[in-house]
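Note that chain A is present in both complexes that follow, paired respectively with chain B and with chain C.
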Partner chain A sequence: MGIERLVGAVEIGKLSSVLPELIIFTLAFILFALDLFLKPSQKKAILPPLTAGGYIIALLSFPLVETGINFGGTYVVDKLSLIIKVFAILIALTVLAFSRIYFSERKSFYGEYYYIITFTLLGAMILASSYNLIVVYVALELVSVGFYILTALLRGSFISKEGAFKYLIFGGISIALASYGAVFMYIYSGSVDLREILTHKGEDLHYLILGLVFFMIGFAAKVGAVPFHFWLPDAYEGAPTPVTAFMASVGKMAFFIPVIRVMPYISETFHLPWVLTVGAIAGITMLYGNVVALVQKNIKRLLSYSSVAHSGYFLAGIASASLIGVKAVVYFLIVYAIISAGAFLTVAYLEKNKDWSNRIQEFSGLRFNFPYLAFGFMVLLLAMLGVPPTVGFVGKALVFTSLSFSSLWVVILIMIIATGISTGYYLRLIVLMYMKDREKTISVENKSIYEVISLILLSASAVLLGVLPSIVWRFISESGDILFKGLK
Partner chain B sequence: MKIEAIIYNIPYISISMLIPVIFSLLIAFTKEAYTKHLALISVSANFLLSLYMAILFDTSNSQSLYFYESYTIIDELNISLTLGLDGLSMLMFLLTTLVSLVAVVWSLRDKQINLRLKEYYIAFLLTESFLIGVFASWDLIAFYVFYELTLVPMFFVIGIWGYKLRLYSAYKFFIYIFVSSLFLLAGIVSTASQHYKKFGEFSFNYFDLLNNEYSLPFEIFLFFLFFIAFAVKTPIVPFHTWLPDAHGEAPTAGSVVLAAILLKMGTYALLRFNIGLLPEASKFLFPYLAILGIISIAYASWMTIVQKNIKRFVAYSSVSHMGFVVASMFFLNKIGFKASVIEMFAHGLTSASLFMIAGFVYNRLHTFNMDNLKGSVKFMPLFAIIVAITGFASMGLPGGSSFWGKFLTLMSAREHGMELAIGVLVGGFFSAVYVLYMLKTLFLDVKEESVLIHFKDIRGAKLLAFIGVIIPIFMVGFLPFIFFGFYERFLDFFTSNILNR
Partner chain C sequence: MTAIPLEAFLTVSGLIFGIGMFGLIVRRNLITLLMSLELCLNAVNIAFVGADAHLGLVEGQIFALFIIALAAVEAAVGLGIIIAIFRYRKVESSDEVRDMRG
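Take a look at the complex of A and B:
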């Protein structure tokens, strides 16, 4: 590939389709430069509003974006990628609202935080819109490396370092596996485009199978599917809580998108093996995640295992290998990003209290200390449990629909059992908050209006998108149709 | 035959669902001093509205869908909030508004309710709204949403204002019903997927799903997915174990709503969905289910007799009554359906009254133990009359509300054969025994200390609450044709639809 062709691939007119990415990218570099030259006191004042402002500008630029295939087919801007990007930036904004106070309370303000989280966001956005193995690989690294650093950000904390270390090793192995798989797929087809690879009619099918298995194991580790989930609870517990919220929402959403993109193609060629393996992993993941969550004493670990279990629900929808399955999973991913961000940010809010140590027991009588916060948290927990009319219910109902559509009765049964088990720990938190007396009076100083607004937004949308799912459903439905249309 | 939708200019059902929601918001944001007034206004307004709607309802045309409204939720999957009342729903709707009124009136003077008043009344108002949604929804997803939503406020009512074992009971209540209703969700989405496979589009609308056709084994499979949820909710023995705990530990008004309306959701749905949507499976399974119902009657009656706690006593008696409802329903003939529906309504009234009796006795004696209640009605003549009326009505004495249900159940069993009729008769005998046992304990047994205690007789709000259920009890007993009239035409239509498919 000559340099002329590479340059020629970038048609200036089409840069408008990557406008949000460009804005985020520029913002990251500006933040990087400012971090070098500003004094610490100036950083505290300038960096957070600048980052938020940049995100908002990126959001505002979305109406200008043209959909289409860009950069010689390596970069796909379709409805799916757009909706994921919009929600990724929105959730990043809510996380940002918590960062300043959280880190300054721990006497560990880092300017790096802002540009690393921006780069991570950029990685997630790129990951959401490519079929190209190389681009996927680069974006995967961009997201992962950012997460490793962010996890270890609390310099004095042992569990933060432990979590980051585990995450680094597991993440490194999984990326190595994914790239190894990519090599095999290249050998099979002579192409790095996933669509071409999977529609290629080659001789050595075992290369393709080997490649796909490695590639999928890499992603299974990234999304925390059992048995590749070991890093997840430690990393989620160790990371600063706003970062955990970011990883559990935007990270999870981004890591699932490539899997969703290849699903229509794989299910065409390897329908039965795909359904069986993914269905089995989904079943194991949701059972394991929920059972282990049941015995957790720490709220962050509990929510981490619930996040593992949710990976199982998403995989169940993907296992159904149907159009309704894709739509179900995209909807569920977006709304889960909202509720998990909300839940972790609630914990971050409570952590501002000096005596708070994240034990489950400390939630006793939270209703008396923080009536509105407790109500919002209850809504989020009910959403995770899947009680109507919250978003969690709509997501689960859609996954059920896709499973019954593909007649995967065993997976349905496992999902019912898993959800039944999960009732135990979600309900215990609600009982503690509303039906027990408080252990002690907890109060939080240093409130900020942005934190309150972002919590209200997240909790409210957990109900609103469930009552009126058509707000996002139109986009999701179209994006699902497009994924399958590419096949024909 | 096609079902006709009758549309009014005013969205009556939405209004009756929104009144409680709006008043809960008002309660949440006003002073606690106004809470009781607001709650009372809300339930009274809703009751009056439902009476007005009953007048608008043309009983000679009760298979049509009155007050029809429809709002799209997800267009592509044909999920919508479709509301409407036919003869069966109308009756359940009236029961809901009546019992909610009674429950709130009772709570006004209940000593158990002294903390967190706002949340308490909000829970009841929301329950009323959701229950109306359950009985008026014609979209299966909307039905499921309301069906599940009734769980949440009741969970709080049991867990916060209940008696000693409240947390245990609240957990048990929630987990049993939540997990069982996940099977219902699986069943609902499976029928919708089946609709897609036949007609090329998803639909959760009841009338679309009526056109579905299944192979018999698959229909039976679907039947069980639905049945598990409703059998737990109803409850049918052996799925009844959550009920004595939940009903026994809930505060009085909570038990009233639980027994009088929440259980009806199960039987209503069995009739509407299991029999209505899956008639072939019902015909195939009917002997087993009818016998299960009869076993429920007899078993629960025996269990009732040995209870020492009067609330658990009443709770088990509910299980036995529900046995009648389920058995008569699965005889699958018109008289059976007729018996089943009138018995649902009648049980709503008597069980509400029985739980209020238990609550009242607790208020005076601070115990639920039957041994300590001996002869306790002695100094309360008015209360004694209420207890006697309720007891005999619940037993099935002519003139009381349960008579028609039990009598018609016998008739419908007789259509299938003498053996079933004898089964029902024996079950009915046991259910009379426990009521007599209760009446004997409260009236005839003598306890020495009780002579010394001077109870005040029932009065005020609580008396009003009792009157609110006793008048309908006599109405059902003496003027049953009013209630039969509501759903007579509907049953003709329903029965012919099932038997001739």
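Take a look at the complex of A and C:
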């Protein structure tokens, strides 16, 4: 039975449904070849615009994409994966806008950066549309190995290597755990397709439970949920700041997608244990992330712990195990990708200044030197906090709604407390920027128009998508329905 | 020839996975950490191949092939990062790789 299915998978399916992936894939290999042959001076002129051009072409190809199940059932192109892919490419473009100058200033301009970030983006896109465990595994490794290399890419910085090594060890553990879970799910059902595994009616239910436990622990470690979060702040602090922005946005979106895909099936059979365990992890993660963020002195570490806390918010939505929960989490993931990319890229912009040390105190009186930047950063911080006109409010309100539909009042209470704690550090940054006097003037040379445009776009969309959530919500709503009804 | 029961495969792979996890927790040498990680992934391979022998399918073996290939990738990247760490500092134990705290 197995071999026929595998041979069937080899036949080429509808290529139009994987057009963006094909473009990104081709682009990665073109960049790889060019990196071998170009002179260092040419690389700086050719690689960045070529990469950005390729991403834009991939974005333009999305209207041609047909939804459907492809490659013998291993590759699923649905609305959920499409919207994740679009936002992943958009955020990768804003990250690219910052990369050339950032790495050149630190004498770390490597041609490798461009094809590795492209391969990582490809991995995130594949992860967004895979139901097959082998595809999940390969895509997970593609994203993770890309992140390890990108983290270590800063010349002359020991913490960059340290962060990369910690990320490698913890990322490796999480992948080992997730694939060990895959073994038990395979023994249970004799299939590596997540839908077949979870709809399979077998008698050895303990294998399925064991498999799901290992699988979920692996993914919890991958997204930085609390008992397994140690690597995350170190990796995020050590990485070059544009790479941190990429990991905190595209990485987080990609790593949550398999969990979201598993959730509708689990909610039927294991509703209570699922709610209890995921809810408990979510609660601990929210509280821990926010409390530890309060005492951070370094802005990148503070935003990293805020990222840990946000993993808790997403897990809370997943714990609700309901249709509205899926939609809320997908919306919140996209929203958080935008605001975290914006916040980290603002830090990357400020790091161009020679005496900038990333300490929180450096933000005091920022509005005198950078009035627009300070305003944009304030909008992004308010969005993370979840203040009404911004996207963060819509995301958090949706998660609250889904939790209240499932009557998870304890998790709601913890989430309210956690949000209250988070006010402490977000507002402290805003107070520093707007109510303190400037101690020293800082200036930024060597800025480019693309950086300014991408910061404006990210801050503006943090408000725009909050005022008009239906722009994204329309797509998410349909994709959530499909997840629950099952694919054709 | 009597077939080896599935439980035997799973016991061996569980033991090896446990040894790998134990190594990751207690050992301090950077390269030993990478070896322990490989041990965990290879335990997964044994379990997959054993499951295939039990179920009479091939997908587990294909999965194991992918794991072998990508574990090699991970080891290559890990060794590269260790060399980069050694260039800055002659560290012997992971206790010395802790500039970032808090």
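What we mean here is this: the second predicted complex is superposed on the first by the 473 of 488 C-alpha atoms of A that agree within 3 Å, B and C clash if a C-alpha of one lies under 4 Å from a C-alpha of the other, contacts with A are read in each partner's own complex, and residues count from 1 in each chain.
Please note the rule applied: a contact is a pair of C-beta atoms (placed from the backbone, for glycine too) under 8 Å apart; a residue touches a chain by one contact, two chains touch by 3 or more.
The shown structure was predicted, so the numbers you read here are calculated from the model rather than taken from an experiment.
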Partner touching more residues of chain A, whether chain B or chain C: C
Which of chain B and chain C A:I56 touches, first, second, both or neither: neither
Contacts of A:L34 with chain B and chain C, given as first, second, both or neither: neither
Which of chain B and chain C A:V444 touches, first, second, both or neither: neither
Touched partner set for A:V65, first chain B, second chain C, both or neither: neither
Residues of chain A contacting chain B in one complex and chain C in the other: none
Chain B residues touching chain A - in the complex, by the definition given at the top: 72-77, 141, 144-145, 148-149, 151-152, 156, 159-160, 166-167, 170-171, 174-175, 178-179, 182-183, 185-186, 189-190, 192-193, 196, 202
Residues of chain C defined as touching chain A within the complex: 6, 13, 17, 20-21, 24, 30, 33-34, 37, 40-41, 43-44, 47-48, 51, 54-55, 57-60, 62-63, 66-67, 70, 73-74, 77-78, 80-82, 84-85, 88-89, 97-100, 102
Complex interface listing, chain A residues touching chain B: 324, 382, 385, 387-389, 393, 396-397, 400-401, 404-405, 412, 416, 419-420, 423-424, 427, 431, 434-435, 468-470, 473, 477
Partner chain C, residues of chain A touching it in the complex: 1-3, 6, 133-134, 137-138, 141, 145, 148-149, 152, 158-159, 161-166, 168-169, 172-173, 175-176, 179-180, 182-183, 186-187, 190-192, 233-234, 237-238, 295-298, 301
